[in-house]
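Note that the chains are named A, B, C and D in the order they appear, and that numbering of residues resets to 1 at the start of each chain.
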Amino acid sequence: MKLKQFRLAVAMAAAALTAAGAASAASAPSVIKIGTLYAGSGNFAVASQAQYKGLQFWAKRVNAEGGVYVKAFNKKIPVKIVAYDDQSSTSTATTLYNQLITQDKVDLVVSDFGSVLTSVAIPLAKEHKMLLIDPTGSSAGFFKEKTDYLADVSIPSSAVWPMPLAKFLEQEHIKKIGIIYGSNDFDGSQADTLKAEFKKIGVTPVFDHAVPTGERNYTVLLHSAAAAHPQALIELGYLPNDVAFLKSLKSSGLHFPFVFTIFPGQFKQLMEKNVGADALKYTYSYPAPPMIKYEKVNLGMNTDQFVTAWGKTHKGAEPNFVNAGGYNAGILMAKAMGTSPKFTQLGMHQALLDMSGKITTVVGAYKLSPTGAQLGQRLPIAQFQPQKDGSLKTVVVYPDSHKTGNAIYPSPAG
Amino acid sequence: MRESWFKRARAGLITAAVLALVFSLAPNVYNNSSLLFMMMTYIVLSQGLNLLYGFTGYLPFGYVGFFGTGAYATALLVMKLHLPIGLAIAAGPIASMIVALVLGPLLRLSGAYFSIANLAASQILFIVIGNPNLQDITGGPYGVKIDEVYNPTASYAAMVVLVVVVTLIATFFRRSRFGQGLKAMADDPVSAEMSAIPVVRMRLLAWLTSAAVAGLAGALYAWNLSVFYPDAVFTLEISVFAIVFALFGGVGTVLGPIIGAGLLYALYNAIGISEPQYFQLIYGVLIVGLVMFLPEGILSLLTRRGINVF
Amino acid sequence: MQALLEYAIVGGVLYGIFFGLVAVGLNLIFGVMRIINLAHGEFVILGGFGAYWVSHSLGLNPLWGLPLAALGAVVIGFPLYYAVVPGLQRSRDPEMLSFILFFGLAQIIDAIISLGFGPDQRSLPDEALGGGTISVLGQAFPDSWWVAAGVSVLAILGLWLYLTRTRLGFATRAIMANRDEAYATGISVDKVSAIAFIIGLALAGAAGVFVPYLQGSVGPGIGNSLTTTSFAILIIGSLGNPVGTLFGGLVFGVGSMLMQTFYASWSDLVPYVLLVVIVLVRPQGLFGKAVRHA
Amino acid sequence: MSSEPILTLTNVAKSFGGLQVLSDVNFELKPGEILGLVGPNGSGKTSVINLISGVHQPEAGSIRFDGAEIQRLTPHARVKLGINRSFQVPKCFISMSVRENIEVAAHFSGHNADIPAILDDIGLTGMEATPAASLTANQQKMLDLGRALATGPKLLLVDEIGAGLNPAELTGIADLLKRIAARGISMIVVEHLMEFLNKLTSRVIVLSAGKIIFEGSLEDASHDPEVVTAFFGGAA
């Protein structure tokens, strides 16, 4: 090889390194860096951006008051959110979580929405000994062993979500049940819980079907389900699945006496816009704050205050549950920083554990297990009942402690 | 008459040594090791794809299928049989070579038919492995988790070794009679047969080598990531990146895919971390521009000036 | 059981006819120009977004997306043809290079859709195409499915008439048969090819109008599966023959619906398995003469 | 030279997609012999060459070369046995230089070829480093022939090498082929140009519609009524 070629080889190979980036600056205590990811596109885009907005909402309010109080430094320090777009891709998310931890040297990491995008952050956080604040990653699989580096703060482990639903169906003596669920941790663990609960009372679903997380057309599946004549059809999906399911249900002309989906309870307005009030009427869902209200809170705003404050900064828009979840993650982090004597990952984790069972926020009771699971709130069951003016009223039908009306079952056809 | 093997391999040995040095030292300078690891993964994949496309003219659009197969073979052997990680990694390329053998008949197809059938084959692997009905065997759409063997440092080191190995394989393809025979086949398979070149056997050999490289890359990727879903190792984006990187640098050379993957992946992270949607646009424009104005890649700018590119 | 079978078959026929339309543009362009339009799926999506735009921003019936698709095909297709196709055909490997080039184009279109419309999946109101259902053999299907199938049959029939009953169509078929001889006989190959290219894109766009109904929604990122599915259908049928593509669509549609009804989680395999099996076993298609020695 | 035939075709038949392109083809070739193969377009001349060289395989019949049946062997295996060919449209390795084209063939066939001598034969001495892509069509034809010679063939199949050459070039090629034959290499020459063929051999086979309709001298062929009809009259 000629000398010229050799130089070329060296130069070209080295180019990769130079281009890869410059060394980063060390973090300064002048600002608390909160790192997070959101999905600008893909399956989780809508929900993920809702969570991100909730977190931003918290940061803005905290900074308006001069920052978050950090006990270890005994002063208020402004908060800065460092956020990247992972496009709903786990491999992109892996690189980006790593970027947050190793390059941006953030002080706390908040995982992206949902179990799928949270999953890859868990081993990374553990490896780098970072506490992962997990607002909505609720797969039961995450919380199998004791850990110092994971805290599910805003929603209960998805394995416990459907408990009230199972109880309600039992109470109503509904025994012929069809389940359609997305094959992902979030929906799969709910389906598993439901089936386990049914088994206890000797009920086997008459229709039980997993669909890809990206499924958008339920027309054919609905006909197969109808052939099994279930009294209740339960569809467990992510937001886009629920939209597609309800649309397909409406256009198919099929009728089931009881239909349940997850997200209308969290994104009622969006669902009404996308599938129409007509498609939602008489269906059931988990009503989530702010749809159900927590008036007595001892950390942050209560539901009404939150709705009003949100409206002021968001042109009068109503917040949804995931917005509240993002906000909730913020106030819990702030509380941890405000109580932990040391500004360390372990210190803040201990503070989060110490708060467990003593706090109620906009999303309800807060109870953190040593494995990082959230055991606080249980989600009730609500039905969307049409009113005379054509609007839909969210009526909580179970459990009795939250109940605002009776279920209309079976739902009238047409 | 011919130069000694050492003279022929020298450029490759130097390139491999430089790459080993750069990636061994890089984590001291820049400590997002995930990013460096991914850059090496793409250097390996682009080079592996180059072994097939650059030397035989077969463009494997479903190249990611081998990558995913390797990743899953490794992960499942650790999860189900609790094999030591070293053995499980060795199984990655073996599994992908088995898949390549099964798909061997695709090599009977020409040009675009091969590419599109290969793409379909990778989708079939994805749908089968990610199928909910196979949850008990493959983990289905719920993915796999091997965090008990999670070791970012060791897997990083292993990937450095793979970069070296694949550079040496590419050097062999570039500088040996075997590689010359492959080039002859790409130019004209019938004439190659008439030059006593066992076309079918050599093409299959290149195919298997290329598949094994991707399988091994997948195995190391699985080890490095330790938790992943089927779409993370079967996404078409991986094929696309490997193709674009290789084309950008210049296929049929050793340096081309290395430069293409190194530069573009760095660019991807410079732009992609903050504005990923613009990146797709830039890639698209880059591909169209390359085909229209620079079908041999950026290294052909040197070749055109009479500089012999390794 | 029998009701489900009937449902799958009737549904498969409607679905398949529609997919004949999805694939027929790819077939025409490949037949005439020997280039593989890997951005085909993206042109279908563009048609879907056109219909969405017409419906949401202009408040018109989404069917106005059909003339918009034709207009868009002229505006995009004409300059695109002259910018890339003649150059590709002079290159050393037109088929492979076109494959890569149009793949790049697909990326560009995907990115532009994402930037322009955002990442969300879009759907169209059922009411626009009737909103009710029509039953055959006691199996009810949304009106939109029937409209889609009807428009597909008309479009494919129209293409067939164009190819068999008009001078331009005759010239088009001459080019399909042998491009060099067509040059020699004085056919203005570039002009006729450009028209075929535009028709191909227009048909893709027209199919796109119905994608939100048949697939549930339209969004960036479904282009690849539409392109590979179209390719499978094109290969099941035969190159250059619109009626063959309709037949290919039916095989895919009925196969797909049967799988969705009885083995739903495996139904995504249908187009890919069909594609691989057919290219290996019978590269000339089930319904045509040999066009290529593979 | 032995009198045993080096090549024997017995009842060879071939069809493509239902179209019978060759049927019942029988002939022999002796070592060092040059055989002319003529016939109208589409009569199956090139198919005969394709079947002998292994590009296609016959449906029926046997092909014996040097005492062994070869009809099931791959083309490259036949090359190693000593069969090679040139192509009607030259098929060089266009990404390589002239020398590499010949080297590759010599290397893979395992034949210890005298490359300067071959370059001299094909008139490309001094152009070793020239890329094959920049040769003229005629030079590419010669390179194609050179590639075949580099494998050390005992039987050379020459497919319409004369097309498009001027009379002086034709004479040169004819002399070259005769020189090659004189080294003991048998040859089948497919050719339209009868004058050219006349310089090479007196024994021709005439094919029509996939059948041998005449075997004998070129002179006799031109008087054979069936041959005349095949070339000039009747259904094409």
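Basically, contacts are C-beta pairs under 8 Å (C-beta built on N, C-alpha and C of every residue); 3 or more make two chains touch, one makes a residue touch a chain.
Quick caveat, the model's predicted, so the values are computed rather than measured.
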### Task
Enumerate, in label order, the chains that touch chain A and chain B alike.
C
### Central chain of the complex, centres being mean CA coordinates
B
### Per Cα centroids, the chain farthest from chain C
D
### Chain pair with the higher count of C-beta pairs in contact (A-C, B-C)
B-C
### Query
How many angstrom lie between the CA centroids of chain B and chain C, rounded to a whole number?
32
### Query
So, what's the distance in Å between the C-alpha centres of chain D and chain C?
47
### Query
Which integer distance in Å separates the CA centroid of chain A from that of chain D?
75
#### Entry: Chain centre separation in whole Å, for chain C relative to chain A (CA means)
38
### Query
Mind pulling the chain B residues that touch 2 or more other chains?
132, 277
### Task
Note the residues in chain A that touch 2 or more other chains, in rising order.
40-41, 210, 212
### Query
What residues in chain C touch two or more of the other chains?
114, 265, 268
### Chain pairs in mutual contact under the definition given at the outset
A-B, A-C, B-C, B-D
### Summary
So, in the complex, the side of chain C touching chain B is made of residues 36, 84, 87, 91, 93, 95-97, 99-101, 103-112, 114-115, 224, 228, 231-232, 265-266, 268-269, 271-273, 275-276, 279-280, 283, 292, 294
### Message
Which residues of chain B touch chain C once you look at their complex with the stated criterion?
### Response
57, 59, 105-106, 108-113, 115-117, 119-121, 123-124, 127-128, 131-133, 236, 240, 243, 247, 277-278, 280-281, 283-288, 290-292, 295
### chain D-touching residues of chain B, taken from the complex the two chains share
177, 180-181, 183-184, 186-188, 190-200
### Message
Under the stated contact criterion, what part of chain A meets chain B in this complex?
### Response
1-2, 4-6, 8-10, 12-17, 19-23, 40-41, 84-85, 87, 89-92, 94-99, 102-103, 116, 119-120, 122-124, 126-127, 141, 183-185, 188, 210, 212-213
### Message
Taking the touch rule as given, give the residues of chain A at its contact with chain C in the complex, in rising order.
### Response
40-42, 45-46, 209-212, 216-221, 223-224, 227, 240, 243-244, 247-248, 250-253, 274
